[in-house]
Amino acid sequence: MARSSYKVTTRTGASQIAALVAAVLLVAAIALPTFASRSLIQDMFFILTMLTLAQFWNLLAGYGGLVSVGQQAFVGFGAYMLFGGAILWGVDPVAGLLLAGVAALVLAVPTAFFAFRLHGAYFAIGTWVVAEVVRLSVAQWKAVGGGTGTSLPRDARDLMWGVQWIESAFEVRSSEARDILTYWLALALTVATIGGVYWFLRTKRGLALAALRDNVEAARSVGVDSERMKWIVFLVAAFGTGIAGALIFLQNGRISPDSAFSVIDWTAFVIFIVVIGGIGTIEGPIVGVLVFFALQTLLADYGSWYLMILGALGIAVMLFSPGGLWGIISDRTGLRLFPIQRRLERRDGLQQKEVEEERP
Amino acid sequence: MPAILSLKDVSKSFGALTVTDSVTFDVPEGQALGIIGPNGAGKSTLFNLITGNLSADKGRIEYDGRDVTKVPPMQRCLSGIGRSFQIPQPFDRLTVFETLLVSATHGRGAPEREVEDDCAAILERTELIGVANRPSGTLTLLQRKRLELARAMATRPKLLLLDEIAGGLTEGECIALVETIRAIHAEGVTIIWIEHVLHALTSVVERLLVLDFGKIIGIGDPDEIMASREVREIYLGIEI
Amino acid sequence: MALLETRDLTAFYGDFQALFGVDLTLQEGETVAVIGANGAGKTTLMRSVSGLIRQTPGMVRLDGREIGALPADEIMAQGVAMVPEGRKLFPSLSVEENLLMGRHRRKVNGPWSLDSVYRLFPILKERRNQPGTALSGGQQQMVSIGRALMSNPRVLLCDEISLGLAPVVIRDIYAAFPRIRETGASVIVVEQDIGQAMKVADRVYCMMEGRVTLSGRPDELSREAIHDAYFGAAA
Amino acid sequence: QGAPIRIGYVSPQTGPLAGFAEADAFTIEAFNRIAADQGWNIEVIVKDSQSNPNRAADVAQEAIIDDGIHLMLVASTPETTNPVTTVAESEGIPTISTMAPWQPWFIGQQGNPGDPGSWRPFDYSYHYFWGLEDVIAVFTNMWDQLDTNKVVAGLFPNDADGNAWGDPNTGVAPGFAEDGYETVDPGRYQNLTDDFTAQINAFKQANADIVTGVVIPPDFTTFRNQASQQGFNPKAITVAKAILFPQSVETLGEAGHNLSSEVWWSANHPFTSSLTGQSSSELAAAFTEATGRPWTQPIGFIHSLFEVAADVIQRTEDPTDPDGLAEAIAATNLDTIVGHVEWNGEGVPDFAAQNVCKTPLVGGQWRRQDDGSFELVVVDNQTAPQIPTQGEMQPLS
Amino acid sequence: MIWIDTIVQGILLGGLYALFALGLSLVFGIMRLVNLAHGDLIVLAAYLILVLVTLLGLGPFMAALLAAPIMFGIGWALQRLVLNRVLGPDILPPLLVTFGLSVLLQNALQEAFSADSRRIPAGWLETSSVSLGPVSLGLMPLLTFASAILVTLALQWLFYRTALGRAFRATSDDPTTASLMGVKPEAIFAKATGIAMVVVTIAALYLGTRANFDPTIGPARLIYAFEAVIIGGLGSLWGTLAGGVIIGVAQTVGAQINPEWQILAGHVAFLVVLLVRPRGLFPRAFD
């Protein structure tokens, strides 16, 4: 047997086109503030931050098998650290984002220590309880308003790094300049998240993650460090979720424990996005967030009907198409924009068939 | 030959049930040891203790001259203990090839590029190359058993533990499998093999261990063991 | 009329066809063995008959009535009991409760009851209050068989009851077969072990790749014919 | 005559606070009718906060950016007013807010509520309602009518209202103390607790004759029942929020009789609408006729919000100019159905004088009728003598 | 003195939490189903009782008696039509479906009954109490606790002494093999959910007479119920009761120290128990 008679590929035709399209889209997205209306920029901010949260939840649940119902703990804690930093210590909010990520990371350590003792449904409920504990504790933090909540000081917002530059460069008011800045930050965060997740899944650690999801016992017996993988995924997700949370509330300007730790806003909606789009794929949350946004725009005026429809849609997807919308699309077309499967192929290409599917 | 594995007085209980009862034995490097014994004798449990999937209540397990009694499974794997499961445990959504990649990269701590060719070679050897890109969950039983073997081999084990991989195979399949195992053994890998299909087992192993109610009731030359009165009564059920 | 028959039975797992037009009959009081290599479709056949895989109505008949489309519990109620591959005891039930589950739906009086099952496998009586999973593999197999008998089935389906068992245990289990036959139950045994199958069966079906390739009485079948049926004539 | 002036209105039309927005449709319909009659080119854009502060901020932003509103109106509890005001302030949109005591509104929006030195006034946001000092006066006046030991038990949750009311320095306790009432405050509890044993024990131990607080309805029921079960029977229970609506009181049955509370508006308030000329009782009757429901206090305030809005817009040369509009709001001097509205700093500390205006507050008691329904009776008007009383304060038992 | 009172009141409160939790425990134990809509179903049952009380002028207990079969039907149908389709080794689908259901129910109740908070009137029972030595105990809390014990006993009997209970356990272990015994797993599950809904009705009765409820209070109740179930150990009914009592006592003791810690103390107790015993106090042998 010639040693080099096989090669390994992950790329597909579609993925190369997708990469090209993504590059074009990215350039357009960066340039967006030069021509788009402010409301479009805000909508994009919403989409991007929800997408980031969804990607991280998907990393946890879809890839890591860690179904957390407590991600609002990191959203809220991150956001509160940004506010606390700005109000109490005068940290610039942009730097505060990093502080938020680190704080969420630090919170994730005891959380993981506790939650990793639990499995499956226990884990889900355990994370939820931890989030409640964090919410109730933060509600005791009187310096940032306790249960009342607080606003970001106007100075901190208006003098934020980059705002003045944008004000003069785009000739806009400071509130608009803030929107542009937070939009760019969200864009950077989203690109880093998707890129990072994709890169991670293509490393041997990503492969191990998939193996663990399928069979923990067996994965451990071939040398996969399951504990470490879980820690990595959980901490990374907490870090990213914390930054995203801080960014959301930086743009929002106001915070309260109920809004920052809302299980509906930061976990339920995120779960719906991932599920409706398709769990366990990078494409799924992207599709999901677009559907979610469309629904919200169309139905927001119908009050509780909007939420009822969202709930019903989530149920319907789970009942009739557990792979989500992207699952339907990729099943029909075989399309994969972010391929991760390694395929073994013959180098000479002649006996391609032999490596292809073969039924006994 | 130095012992690659040695168990000293190892015990394990589930509640009131003692499944492994003060087990002591050595396996010299390069040997092929067979384990037989009635159902529930504690054979698979013994494997779980060696690999670390279960932790011993009592006693000491040494591997390669080191005490590994408290070492977690994945580190034992890294130091060269590979295993197959009695009930195949594939990674359902990974392809066969990816399964071997996981095993080779993590089991040896090597980067992906370096092990790709080796994985392909193992797939050829275990006759799985034809299904390399199929998700493991779609394999037939025979293919799953082969995958168990292939996955264990991909970690390049020095000590290979095989749990009933011939169970449920036809004669022809069985012969092919025995050939493969012989070849692996010939490369110097130490093998411990649990099997009820005796003719397959005895055609490979050099030494046989009999387990009953968690106790070793015989260890030694296969022919002698098979001929012994105890084994004939307890295991084969031949009345004398 | 045959007690149980399959007509042109096909079965799919998703897109994958596992059975291709299998015809099988079982007469009242008869024991039939189904043999074949791994993946030949034996288990699939048993699952189809017992209703775990739903079929079109006409494919499976009991007493001439179409039962193919019925769910497993309905088929069971009509008197088809199965000893599934891998024993499948209920871990949170005791041995006795496991046995009683056999009568959960079909409470027909007949030769089999707790007492007679305990007489068939005396060891189970000793262990009656232990969880089923605390038993050894062979004892678990006994519970599994006893559980199926508890419903006094007309047809007993046994899927690889010797798989993974020590020779001495297999001998014990098969020793119970004549007693089961005496009570009048008709039996289908699925086996890998050709020798064992030949010993208990009135007729043998040999399967390969989802088809019946050979059938007949054990004494009519030559070793060569079976070998061909197992591995294909060309082999 | 060009583009209309757009008013944004945010309120909790659904969710737990929906009771506050009960009269929204009724009021806006009336306003639109009058606007049409008068030929005003005004469009009202209504947004629902779903009782969720997050959502409130979102819809405020939507109204400002997508709908391009010129004036923001917002009402009903700090959970709604604060996020909306914050957004509007930072966007430079003039805002008129009401139906939240001014302390949680003003202080609650400051970065660090604990540090008065850091508090800043707003450029575009104006609020009218009453403050804790008024509630203190009203409550103590009512209690003065009874014979008690002057020990007051406080139930303050850890939310915007509760923190403001319960603050040891800026809350109600110092005010009560000035009038000779001692406050027992076991500490902030979380909303929706299932057990008040700790509080009841503390109150019993202090031998409190009076219970006060700002409690959400479900918690109040739990407390009321447990207090009875555990043998704690105060002479007066005077709480805000929990017994605002007749429906909430009705669920208490007999235990609702003679509960007392502050009254910010009633059908008997001697004021008339600058918009429609209706008297309070006429407005209440019109509401009942249109919806079949009894009048509630928010009706008057929502109506007044649109009175002020109409007045301000009329007085502004170019209502599309935020600074001009803000100036006009600051210069308001209007008699509305809830009383006089003028941001002249009267009765308000300096730090908030620019943004807060106060409306009159009196005390009332719920009286159970023979048919099981309840009537709110004004029993103390020392703080606003122009509003007539209809009875005297009665002890609970 | 105060401490005795605090603990006794905590135990009684635990009875209420146990009632919230028992239905959940049943479903969790039999189907491994994490029903995130459980709290909202309690609220639904409370509204149902309220409607019966107001429409038919019944007493609350009579109304609950009438509501129980209706809730059984609702649970049965819910399981048959929706939940059975998502049961499986993967916990995510049932989690998400019940999450969706929770959002759906909350908002549907809001449409139907508005956001007003309501209560089930229980007349003189609401405020009556009995004095036991130093402590004065409300009659309703006592009844609640007694009901929790009775429900636990009844479920325990059903589970371990009847053929139906045997079928519950068998199906819980392995639905496929159970179907070979003539059990219809879907029907068994539907019955289990139906029974859980009867327990929910009882919980709703006491919830609705103890405090006001509105369409949104479900999730807060759900989390206590979950904690009680998990503290008790999967599928252990007495454990669930004990779990409820632990949370109840932790809350009242926490509040006695400082009311700010009331709810927090309950959660912390849960975390501590789980740190010490990750599988709960009375885990069952096989999972």
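Order of writing sets the labels: A, B, C, D and E. Residues in every chain begin at 1.
Criterion: a residue touches a chain if its C-beta (ideal position, glycine included) is under 8 Å from a C-beta of that chain, and two chains touch if they have at least 3 such contacts.
The structure displayed is predicted, hence computed values, not measured ones.
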{"item": "Reference chain E; chain at largest CA-centroid distance", "value": "B"}
{"item": "Result of counting contacting C-beta pairs for B-C and A-B, higher pair", "value": "A-B"}
{"item": "CA centroid of chain C to CA centroid of chain E, Å", "value": "43"}
{"item": "Between chain D and chain C, distance of the C-alpha-averaged centres to the nearest whole Å", "value": "76"}
{"item": "Intercentroid distance (Cα basis), chain C paired with chain A, Å", "value": "51"}
{"item": "Distance from the mean Cα position of chain E to that of chain D, given in whole angstrom", "value": "37"}
{"item": "Of all residues in chain C, the ones touching two or more other chains", "value": "16, 39"}
{"item": "Chain B, residues touching no fewer than two other chains", "value": "140, 142"}
{"item": "Residue list for chain E, restricted to those that touch at least two other chains", "value": "110, 260, 263-264, 285"}
{"item": "Complex contacts: residues of chain D adjacent to chain A", "value": "13-14, 48, 50, 52-54, 57, 59, 61-62, 65-66, 78-79, 82-83, 86-87, 89-92, 104, 108-114, 118, 120, 157-160, 162-164, 188, 190"}
{"item": "Complex contact set, residues of chain C against chain E", "value": "50-52, 71-73, 76-77, 81-82, 84, 88, 90-93, 97-98, 100-102, 104-106, 131, 133, 147, 151"}
{"item": "Residues on chain D engaged by chain E in the complex (per definition of touch)", "value": "14-19, 51, 158, 186-190, 192-195, 197-199, 201, 205, 217-222, 225-226, 228-231, 245, 247-248, 251-253, 255"}
{"item": "Touching residues on chain A, where the partner in the complex is chain B", "value": "1, 3-6, 8, 203-204, 207-208, 210-211, 213-215, 217-226, 341-344, 354-358, 360"}
{"item": "Touching residues on chain B, where the partner in the complex is chain C", "value": "17, 36-41, 86, 138, 140-142, 164, 167-170, 172-173, 196, 198, 234-237"}
